[in-house]
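Two complexes are shown next, each including chain A; its partner changes from chain B in the first to chain C in the second.
== the complex of A and B ==
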């Protein structure tokens, strides 16, 4: 299946189009004279459209997180293209890249590690706006922060809190607020729901679904767990040893993968 | 944690179900007498076989821990020594508790590796260091360590939480086999109701440091009584959900968030989130009531 592109949904051109992505990690072992190369991703291709969710399923070591990191250019692939709105992110200049980066965000499993512990919630949400000089005046910034805070269902009382004073679910809400404050088009959710309790996981999943409906956000939902596939995803791609080995409707992948435990 | 009471029979598997902050890990540490500094057991009895664990000296407790009473933690990494071969780490446990002959200890460690399906025919697994093993393999080594002294009770705190779903399934299958083959009791702590199916005989559900419902598994899963338990089981996503045909489906959730264990309110700790709360719930704490044989619930709806 690799090499051949699959589409998530139908409509005009895809928002994100990945073609033949190949990533390798080179490492030199202690005392070894030659470098060994590990292929983390092999010829990955897929399309993702606005408003749709592609769930990328794989066990640990399958390459799913490498792919997520590639898409935000935290890794440099050896071959292939990452076409965002038709333009290859890998060949964009710095300025064009910065504007693309405003629109693509990555949310991790443990937001406790990605939120600066010394910042207040207000500072954390303001930071992306400041970095990207997205809004003109302080008044606009304040207004945007309050809107976003309401959207992630945290009250104004949270503005002064720091990450250590938040629960896991609340931290994940702050991470989502930071991501949506720049009005992005694509969110990459790398195990973003995996560390949460059952009752919190549902709250955050519902929040993501509501935001997706409202802003036509595209999600690449990277996970080792298919439990939420039916509710969250339009399509599931299974990655194994760095290759996409199967891509189909969630119902079909679920029937194939969920062996009864007892 | 507050006023937890339960018994565990020989050969029985008790599942402890709770979300973060519910006190489930504190319960495990209290049973092992491994509570961090600052925490202490102010009241109660832990009767294990024929002795009260709380009355033992540290030295006596050391002989029981790893001997008749074993513990398996969520993350196998920190419980293994990075500089010792997997097989030797198992042999060491046997040597410390039961047998002074190293050759016999090593031979037994090999057969334990076989037992947890880490085949030692080539001795590759025996000789592997923890960093050469996957998370699932490491967890099997820890289970082999726990089995080494033929304990009568194993306490496992989220033993599958750090593993992939397919690896987790294999570890649960191993527990099922061990349950059938040895008359060993198991206290299995988890936040995920699905993993207890087909394994636990009884389930204790914890909330805000208390056991709010304890009953046979079929009772809890088919006829949950406590409003929290009903709401929690409703949160399990339906495997039949289909986003393409029903795009606006949302997951069931419990409004609000789990209580901060340090700041528990007056009355029933679930009352702020409970759809069935009455006035008494906010002022008085319910007591545990046996609503049916072996089924106890802590809620005013059942006369608590």
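== the complex of A and C ==
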């Protein structure tokens, strides 16, 4: 079903619809006069329902991280639409985009690098609340921070620590706390568990499942590893050379021979 | 406080080492002031020997070094054989003049380079960055001495600005405003030469530091969270880029006494430059030693200031 949109789960309408997304990177080599374009994404289309998880897997260089970055507009695609609750993110004005950004968050693989090294945990989690003016008083902000810290199973003693003083698992919990503090509807997890040891990976995966159940969060989980597919995903898609070449239920993907798609 | 005390103690040890090494090298190098006297047939060898004894130059260099240290602690820094007075009397007015010049030049250089470097980093790949790179490359290619001579030629030909010195004779006894205006006119050319020489490497360093930070994942993460660009610049990027820039500022402070020597000679600014040049030509060791030591003190001071600024500005360093 490469190139066709596939609905994940049933519902009123998909939370996220991607249509015909195409992204290219332009490069100019040293001493060359011409620019070469590399297509990172080719005509990507899929749907994601609220409260569901789509696991997107592929090898290194397949375009999965490029797709994740496109969805939070860190990259601008050449063509296509990113429909969030029916509105195209690529054509939204600044105010509407800011509102949409409250609800969509990207969690990076290496949270040690994606967290501001100078900020304390408290400052990191408070920042989105301050930027989006989500709460009225400092007391409410403090209360929300303590709540999400509890939800990610970190004690209050972590508030004054900085990322360099945390373990990999703790940093990833802080990244998740920062992502959920605004009560989002969609989290994009770009290899968010790959850098963790098995035990921590399992703990974070369970945490994400709990949060999904609690807040009806939708996840787009981008990874090169299918191990968590059976546990976390409602549907699995394979991306290869910038195209979605396979999309199906996790059990089918896991039990089938992964033959090259002709 | 303990940290500061340790750094100061470390700096003092460094100064002792620098002074001993410099004194040894200067003493052991061939030629001294009295060799020139020997060439004068009207001065007998006995007179030269007596003069050497009078100035203590017949003692072994370690003995002279200890006596020089004692003299330095009194503020004299030895005795100038060519000027026949304690070195300190010659030194302090010159140090003041050099510091005036280099402080203004350093301030101007940073005021220009910091925003320029940040703007270039923010506009990477655009015409603004390319134009800036061309200008800095041109400035880098021009030697400071050539720039000084060009400015001197300009001043001499046009008469718009004084071509040397620090004050005009006509300003003596004039009102404060007139004196300040006269001083500013004399300061302008040497200050511009020094600033134009300092700006290009500063811009490149600042641009590099900012670019490195702007490419960081935590900046991308902040953009993805919808944090406004201005907040990202002032609250995220600049503080993160501050550490290498503070180290560079420490180096700028550290070289306040040493960067301007050639320009002072070329533009007749009455600072340490002309004094050191004369002392080198006359083999007046103690003047050279005093300037070397003062420059070392400033280097140590500059590093200490940078360390303290880093400690104050970066909470991660305070936590260590």
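Going forward, the second predicted complex is superposed on the first by the 254 of 262 C-alpha atoms of A that agree within 3 Å, B and C clash if a C-alpha of one lies under 4 Å from a C-alpha of the other, contacts with A are read in each partner's own complex, and residues count from 1 in each chain.
Here is the rule we go by: a contact is a pair of C-beta atoms (placed from the backbone, for glycine too) under 8 Å apart; a residue touches a chain by one contact, two chains touch by 3 or more.
As the structure is a computational prediction, the values presented were derived from the model and not from experiment.
Peer 1: So if we stack both complexes on chain A, do chain B and chain C clash, or do they fit?
Peer 2: Overlaying the two complexes on chain A (C-alpha atoms) leaves chain C and chain B fitting together cleanly.
Peer 1: For chain A, which side has the bigger count of touched residues, chain B or chain C?
Peer 2: B
Peer 1: Based on the superposed arrangement, let me know which partner A:202 touches: chain B (first), chain C (second), both, or neither?
Peer 2: A:202 contacts chain B only, not chain C.
Peer 1: Once the shared chain is lined up, is A:22 touching chain B (first), chain C (second), both, or neither of them?
Peer 2: After superposition on chain A, A:22 lies in contact with neither partner.
Peer 1: Does the superposition put A:74 against chain B (first), chain C (second), both, or neither?
Peer 2: The second partner, chain C, only.
Peer 1: Just to confirm the value: shortest Cα separation between chain B and chain C in the superposed three-chain model, in whole Å.
Peer 2: Minimum over all C-alpha pairs: 16 Å.
Peer 1: Mind pulling up the chain C residues that touch chain A in the complex?
Peer 2: Those in contact with chain A are residues 216-218, 220-228, 231, 236, 239-240, 314-316, 319.
Peer 1: Taking the touch rule as given, give the residues of chain A at its contact with chain C in the complex, in rising order.
Peer 2: Those residues of chain A that touch chain C are 72-74, 97-98, 101-102, 105-106, 108, 110, 113-118, 120, 127-128, 131-132, 162, 164-165, 178.
Peer 1: What part of chain A is in contact with chain B in the complex they form?
Peer 2: The touching residues are 53, 59-61, 167-170, 197-203, 205-206, 209, 213, 224-228, 230-234, 249-251, 254, 258-259, 261-262.
Peer 1: Provide the residue numbers of chain B that touch chain A in the complex, in ascending order.
Peer 2: Spelled out, the residues of chain B in touch with chain A are 19-21, 134-135, 164-167, 169, 172-173, 176, 191-195, 197-199, 231-232, 235-244, 248-254, 257-258.
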